[in-house]
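Next come two complexes built around chain A: one with chain B, the other with chain C.
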Partner chain A sequence: MKFIPIFLIVSIILNFNLLKADEIKTENKIAKNLRCLICQGQSVYDSDSEFAISLKLVIKNKIQQGLSEEQIYSFLKMKYGEWILYDPVFNRNTYFLWLLPILIFLAGGAIIIKRFYNKK
Partner chain B sequence: MKSKFIPLILIFIFLITFVIFFKGLRNSNIYTPNTNLKKEVPLFELKSFENNSIIISEKIFEDNKYYLMNIWASWCIPCREEHKFLMKLKKDKRIELIGLNYKDNFKKASSFLKDLGNPYNIIVSDKDGTASIEWGAYGVPESFLVHQNKIIKRFIGPINNKDLLEIEKIIR
Partner chain C sequence: MASLIGSYSLSFGLLFSILIIFFSVKNLKDAEILDKKIITFTFIQFFFVVISFFGLIISFINSDFSNETVFNHSHTTKPLFYKISGTWGNHEGSLLLWLLVLTLFISIFLIKSNQQPKKYRIFTLLFQQIIIVGFFIFLIKTSSPFNYIFPKPNEGLGLNPILQDPALAIHPPILYLGYVGSSIIFSSALAAMVTSYVSKEWAKHIKKWVLASWVFLTLGILLGSIWAYYELGWGGFWFWDPVENVSLMPWFALTTLLHCILVLEKKKILTSWAMILSIATFALSMSGTFLVRSGILNSVHTFANDPERGLFILIFLFTLIFLSIFIFIFFHSEKEKLENNFFWLSKETSILVNNWFMMYFLSVVLIGTIYPIFLEVITANKISVGPPFYNKLILPFLIPFLIAMAIGPNLNWVKSDFKDKFYMTIFLIISFLLSAVIIKQFDINFLINTILVSSAFFLFFSTSREFFVKRFRNLSQNIAHFGFSLLILSILFNNIFSNEVITNLKIGETLETEKFTINFENIEQEDEKNFKAIIGKFSVQNLDGSSDILNPELRIYNQPNIITSEADIKTNLLTDKFMTMNYVQNQEYFNIRYQVKPFMIWIWVSVILISLGGFLSFFKKRYEV
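What follows is the complex of A and B.
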């Protein structure tokens, strides 16, 4: 009978750790997807500049406040502009960037199919 | 037919690549953010620098005045350069200076103000730098010109004589 409370305590501690680990995981994921604006060429996750250290703290606080990943990205986009995100958004300036690989892929496919039929 | 087509495509691909690289490599890769933004002042609750009382942002910017919110730190060398311009600006009664002490040590910051003078009407302290992120700041020094609860202009880096003239032109 004594085991029940011990078991409960242990399971609560284990679950708590899991929750915390999840938080740290998303925190790191977000930081890796952000460009450090001071030390360009590095992500916020990699950087140890004052800016990046504060930004990591802000991300941590926002996660604890219950904001989702998307909400944090849009918050930072509002404050610092699209440049802070590594993943470029699909808009008028980036149509070419997003569509070019698909076009090249389709053109390649067309060439292969044409060759195949010509051989036949 | 086929032999004519392939060189044409190759030339076309080469031209596209050339144009992309030509334009891309000539672009400056140092990011400079837009400095003429009409953004709302972010809300914050920060501790006062002198005593530990809480200061709310709505209280600071409530008057119909111009405010210059300046992010500074005693460890920041460019802040020393801009300090004399802030002292000049202090004499202007149309503008109030708000200092945001960024990741600083109280003793060192106090002696910084003792040596160079205190241009600020209010100083709040941002111990962990999170309030500066709310302002969209990059680091120290950085200043935001605020009017009617809106950021009308931001100055990244130390304020110089040219910025000072610009501020005086806006608040006139």
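What follows is the complex of A and C.
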């Protein structure tokens, strides 16, 4: 029965590694979606500036505190404003941003269909 | 001295515009044939701009710091190559380059269009002269490259080191050939409307210009992208940065126009649409120049934040757009023959579908780029629109686009039965299975990735097959479409399979991960003419036993005093290994970023293939069925 504790330890270590790997993945994903505020058009992930480095640490801490991705985004949004998020939130300010392209697409389709029926 | 000559030739060039306009208007009324004088004057004007441009280059080569532009952007220790490329690496010089290409193109246009009606040629020249005069005045009034400084400084301020790069030295000229080529399309479309010459003949004639601009624009964007990849040090090649977007928008418009012209060349339909696109392409190129130069967009391309310049371009742009709308409304009449043979499954429809999606992509990029600017002006809210936005709005639409692109070219012009159904179905199934197997191993967003990759594979297979079925018929189109499928596949695989690690290492330390081991061996110092280099030596052991030596570099430039990080990239057919190193403040550690990026080289190759398609088409007599 010796192998049970060993098995447990191994599985915990393995799981721990997996958790850790997941953490790094989310960390990178979040950093990629944030603007480095002091750089010229770079994400926090891509930048090596002090701001970016410290922000990466903040993200790491927040993940370890158990905050979800969404919670981290909203925390950073509170602190630095919407400017930091590369993925604009869907709200009153951005209805047009998100919907206008789709509307243009639908209008384009309508024009083509109309053209076809007119010709016929 | 060279500056002085340059400055005077600029004024003489402007004087010739007056002569050209005067004689063109006169010629319009009386003679039957085009007055030779006009062509001579156009050449002389071009000649003066060339002299002016060389005046600036010579001032740069001689490091003549009594010239303000040279003083601001050059330095005696800079290598000769970058002294020369510094000529257009700044606001004033790059505008002079615009003007040079403008006058060059109109000269070429006059030579090449001798088969075209006289009135059409003169009107094109006139519209082009409006643009040329605008740029002359802009240069002389607000951004003269030949301002004089007294007393003469001993040393210049130097060129931003990240612009001291071979790819970036030729990126602006190539890109400008594309941008400015669209000015000819614009002028000629306006002229064709005024003289009621919008026809198959016009389409055939302007197609060459569309193709040429398109090829240059594609290559220009490619060069910028390659530069960003190895110089900016984060291993990406496209970031949906506003400045990148600004070059992509005219590209979308031009690609749409290219396909639309193919229809127009065959049948006289879609004329209004072609006119709108011709105007839009140039308007987008101009507003790109405006957005980049005015300082509204913050980036390495923003050379000067002078509101007067932005205002001038804005007024100029609005004048041109207003003029073209006026001409479109009052001169253009859609006299299309209402042919009854317009069917769902025809090449025309598939080209319309292409136009439809292209316009959608264009609108996504356009709205994503300018919306934040407007929002900030109106509500003072600052938002960022970055890669996630574009991915969400573009990727799902790419799927039907790729499939339509695979099917479209197999359709006939008027009506076609869907031939080759068998092969197409087989390809679809193979593509799907293949993608599912590949993506399954990396279980990330399985569904969307599989569908995306399958549609790209589908296009890949069907275009590959066409090489065998059609042989040399339509080779150019097939190469371009094949290149596009390769591009999408490479980008997708590059995104899905790339592997990266960022860490801090001391000399002698080793980092082990599941896939590789990085060993920081030592650093060396080297002194170059205008910078000091700190070169790191790293050995990377891969899982399969192979190893690489990578030597990323830190460069400390003397003038301006800037530290840049030079990536070391080991490229082979399958993957790129990319490493950069950076200082960590006040510590003995270096920040190391190591990335394994698959299929990187295929991204470049496929864009070159796409341009090659356009290039071949340039030499082809006419579009084949």
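To be clear about the criterion, the second predicted complex is superposed on the first by the 109 of 120 C-alpha atoms of A that agree within 3 Å, B and C clash if a C-alpha of one lies under 4 Å from a C-alpha of the other, contacts with A are read in each partner's own complex, and residues count from 1 in each chain.
Here, a contact is a pair of C-beta atoms (placed from the backbone, for glycine too) under 8 Å apart; a residue touches a chain by one contact, two chains touch by 3 or more.
Because the structure is a prediction, the values reported are computed rather than measured.
Using the superposition on chain A described above, determine whether A:Glu50 touches chain B (first), chain C (second), both, or neither.
Touch partners of A:Glu50: chain B and chain C.
Identify which of chain B and chain C touches the larger number of residues of chain A.
It is C that touches the greater number of chain A residues.
Could you tell me if A:Gln40 is touching chain B, chain C, both of them or neither one (first, second, both, neither)?
Both chain B and chain C are touched by A:Gln40.
Pick one for A:Asn61: touches chain B only (first), chain C only (second), both, or neither.
Only chain B is touched by A:Asn61; chain C is not.
Applying the touch criterion given at the start, work out whether A:Thr26 contacts chain B, chain C, both or neither, answering first, second, both or neither.
Neither partner.
Identify the partner contact of A:Leu85: answer first if only chain B is touched, second if only chain C is, both if each is, neither if none is.
The second partner, chain C, only.
Under the contact rule defined above, give the chain A residues that sit at the interface with chain B and also at the interface with chain C.
40, 50, 53, 81, 83.
Which of the residues in chain A come into contact with chain C in the complex?
Touch residues, chain A against chain C: 32-33, 35, 40-43, 45-48, 50, 53, 81-88, 93-94, 96-98, 100-102, 104-105, 108-109, 112, 115-116, 119-120.
Across the complex, what residues on chain B touch chain A?
Residues in contact with chain A: 29-31, 33-34, 102-103, 128-130, 132-136, 138-139.
Tell me, which parts of chain A touch chain B in their complex?
Those in contact with chain B are residues 37-38, 40, 49-51, 53-55, 57-58, 61, 79-81, 83.
Show me the residue ranges of chain C that touch chain A in the complex, using the header's touch definition.
Against chain A, chain C makes touches at 232-236, 239, 241-243, 298-300, 338-340, 342, 344, 349, 352-353, 356, 359-360, 363-364, 367-368, 371, 375, 379, 381-389, 392-393, 397, 565, 582, 585, 591, 593.
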